[in-house]
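What follows are several structures.
Next come two complexes built around subunit A: one with subunit B, the other with subunit C.
Our next item is the complex of A and B:
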């Protein structure tokens, strides 16, 4: 009996902290999403609207759908390209691969940078007057010099995707190197002797055995891509116009800048849906039995 | 089907020498065993034949083709790995069919050939399972079936039985022997188990420190070892090695006791090798010398006596009905027709 009391007493502080900093704010935001919730209108945080914030987002806000679209494309592109690049690099860097050691340590550097810092540095690098890329293109491909990268909707979006890939590839590469190291060498050598070309060894033997790790990588990266905020905030601030406005940026703008905290909360809760799905998939892969 | 020739083959990793300038000719349809303790270079030699390891120098020939620059897939060999190397995500059928699939065998030929290979190793009921659902012995058979589903030029087997328990190893050994006689394909087999080498091989190459010590039939290796290493490595119990000297046609053991007559020039120091089976046990006073029993072991089919005089211990095999006790005194005589004399420093055999 005493043991049991002590047990609960010991976890109590942790439970309190989680409740105060995660559960309660979450519930509060859920409540707010059903109110008028204007920061500049006293009392509106308690005026209930029902589902109106949600229907508003769905049926009366093209900007919401724009943010959904941007987020979806952004997520698809960054997940696909980051995973592909990381896979390629991991193959080269894995034990028995062609590069190694020194390069491996160097590679982790981008991951050590905060996303906001990546955003700022890429903004400077793509500056049309004194940016690194401008100088580079001026030297190598003069027609591309002087382009205002961040002023063009498509180019700005591409720069955002690029910055994200640059920041994430190293970490995912390391994870995949670990995954590759756990594929039994025997099976690869058996396939080589059995007569498989290196591509078929990869496709038939390495990849299927790497699948669980690869799934975790893709799911994790999807979650991180979906919630991207700081990098975009510092790099383009959603612009030009709303060309690079992701959902989290859209939520921030509506909530903090326009003071529509109730509406912002409802959009945030809409975002929870894909997140729950991905988290569930992640948990299934990581904690699955055997 | 082809012969395999290794010409002055060397494998070095930095300063470490795995295989040191070795030449070896493996005849067509021969079952050759590379035998030696771990780290002797036997597996490295095999991996160089398979193409999984590149030689530092020297040449590997399979048939009439120098294959140094060929990838493993182009060498037309099949290999059985120590840990089997089965594809865990494929069914047993797909595992066995894989070499056929990647080599572009027509689809309608694959199923019958897989079934025939599976039948040979008695795997037919398990074809739809995954490797995880099989026992060690069954996995071993899958690896074997995957090798025999094609007829390659050479079979390579890397300690295929070492992960099985003792009982299963004996069964699989005889199955392997039966299969190899049936298939008639050049086979290179790596093992550290001298019984496997003796029972399976047409010829054995005993290796140590990357150098082949002796190449010969099991009979030659067992009955005519070229040096101390081979003599001590082959046989169970291990050959007895008795230190002493030779004078006037007599081997004199430590303490100045005459042990046995031997036809050899005088040696101030020599090592005498004699197998447990070639030592006869008598009542005290009736043998060449009297010795104390250090340990008596009854193995059921015979008795093993570890006997001692001075600091010298030897093992003698006695009749299965012999019963003695520790510290009993017995006499022993050595069979003068089966003695081996070695140089103590170099380990080289002194002809008698």
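Our next item is the complex of A and C:
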């Protein structure tokens, strides 16, 4: 067989799979978003009502804006905090040696853990009666003992952010350690010989060199923060009330619990739009590298 | 304080910070481990020292929890997903790596982009379709949608590995009269084998930990382990000792796999944006 035919035959199965499992459902969701789309009403999946689902979300559903707000704050906080903490931890661990390499190995664990399980374990730890956190605070800061973390809107949100940070900082640290390894050693040493302070070396030499990796980290984390579902579902299930209801959770509830699949699809598509920009930004870094 | 003392102090601070990091990383994991070996009564007493028991691991496999069937479903779904994804991804990755294709960059970006589409968007039409086809609560249905999340990683990761294999060996074999398919089978596949295994393990972890699809598409027969966690609720609340035992069954095999491929973890998840 000639290479010219073969090369297309080789990609064909993958293209078919990606089309069937990703492109088609994406397009079908777009179609559904313009229908009445109720799961319990046969035929309503083909009854079109124009932009009504979208205008409903924008003008008649405070719960939608609540989910947008929760997702936005959640994304901003988790991206900023995980990036900062990962940067710090990467600087701390990058020099290597037995202890530091050992910790680098430990960093794999949180990321191999199912996010649903992370949600469960944090619910466990923040249990007001016998959680690890309660025991810890009871010891260190007695006034904080016995707080029902997950019953308070702000605290529950904070716990969700903490669980996210716990799950993501280790992985992003590994990414950044990989980035730090590619910063030329002699440039740093030259700056040190010139008498630059550690902070100056970091700001003027390390950070600019690390910028592309840092951008990758921030974009990747933003995408996964925007999509957050598993942990929230297991940790607070959006509660108390709707205090921790992210967009993914809101879509799940409207589509699956209330059977409003058309409406859920419209909100889902509103969520796709920021993803397109982020993916575009991400793709630029991937191709620069390849 | 002189320079040496300052340096020693700074070293001590660093070690201290590293210890804190170890504590924070390990605390939730150790907490689950302890609870899994505690009796029902001990869980509610915060003991660090207790008489360990294996009874939780027996209970979770008995009625009404039946973790065995979830364990089978999770293993089966993850295994078949990987068994389908890796050969398909390898073929595509080879082609992307070695040839110029019409619309190649567009295809690669699209494949990358599908990974970033929120899973809720993908699952809505699949739910409707599977309901009409009778594929709800089946392992087959779950495998199909799992391909959606695994394929992009597999293609990008394997492409990275094949990019790293020098073309010259292949060209020499072609000059000696081998056909392209022979070259792929006799040269590329053996050389890429460790990479394929790595990608396979990576995809297995992702499929195993997958939650949203299984939550929406299954309710009884095809339930997987992460969704099965929700079963450990009684009227008096969560059964923490059983949840923890199930948690260990979910996470320990993934820890082992992740440690086995730790060198490639970063490259895999960033799809080659960071090596």
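Keep in mind that, in the parts below, the second predicted complex is superposed on the first by the 277 of 290 C-alpha atoms of A that agree within 3 Å, B and C clash if a C-alpha of one lies under 4 Å from a C-alpha of the other, contacts with A are read in each partner's own complex, and residues count from 1 in each chain.
Following the convention adopted for this analysis, contacts are C-beta pairs under 8 Å (C-beta built on N, C-alpha and C of every residue); 3 or more make two chains touch, one makes a residue touch a chain.
No experiment lies behind these values; they were computed from the predicted model shown.
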item	value
Side-by-side fit of subunit B and subunit C on subunit A, or clash	fit
Which of subunit B and subunit C A:268 touches, first, second, both or neither	second
Partner with the higher number of touched subunit A residues, subunit C or subunit B	C
Partner chain in contact with A:186 - subunit B first, subunit C second, else both or neither	first
Which of subunit B and subunit C A:130 touches, first, second, both or neither	second
Touched partner set for A:205, first subunit B, second subunit C, both or neither	first
Subunit B versus subunit C as contact partner of A:113, first or second or both or neither	second
Partner chain in contact with A:226 - subunit B first, subunit C second, else both or neither	second
Touched partner set for A:194, first subunit B, second subunit C, both or neither	first
Once both complexes are placed on the shared chain, angle at subunit A toward subunit B and subunit C, C-alpha, multiple of 10 degrees	80
After superposition on chain A, the shortest CA separation from subunit B to subunit C (Å)	5
Residues of subunit A at both interfaces, subunit B in one complex, subunit C in the other	none
Interface residues, subunit A side, partner subunit C - complex	1, 3, 6-8, 10-11, 13-15, 17-18, 21-26, 28-29, 32, 39, 45, 89, 92-93, 99-100, 103, 105-118, 120-125, 127, 129-130, 132, 135, 166, 170-171, 174-175, 178-179, 213, 216, 220, 223, 226-227, 229-230, 233-234, 247-248, 251-252, 255-256, 261, 264-265, 268-269, 271-272, 275-276, 278-279, 282-283, 285-287, 289-290
Contact set on subunit B toward subunit A in their complex	50-52, 71-73, 75, 77-79, 81-89, 98-99, 102-103, 146, 156
Of subunit A, residues touching subunit B in the complex	184, 186-187, 189-197, 200, 204-205, 208-209
Subunit A-facing residues of subunit C, complex	14-15, 17-18, 21-22, 24-29, 31-32, 35, 43-46, 85, 88-89, 91-92, 94-96, 98-99, 101, 105, 107, 109-114, 116-128, 131, 144-145, 147-148, 151-152, 155, 163, 179-181, 205, 208-209, 211-212, 215-216, 225-227, 229-230, 238, 240, 243-244, 247, 250-251, 254-255, 257-259, 262, 265-266, 269-275
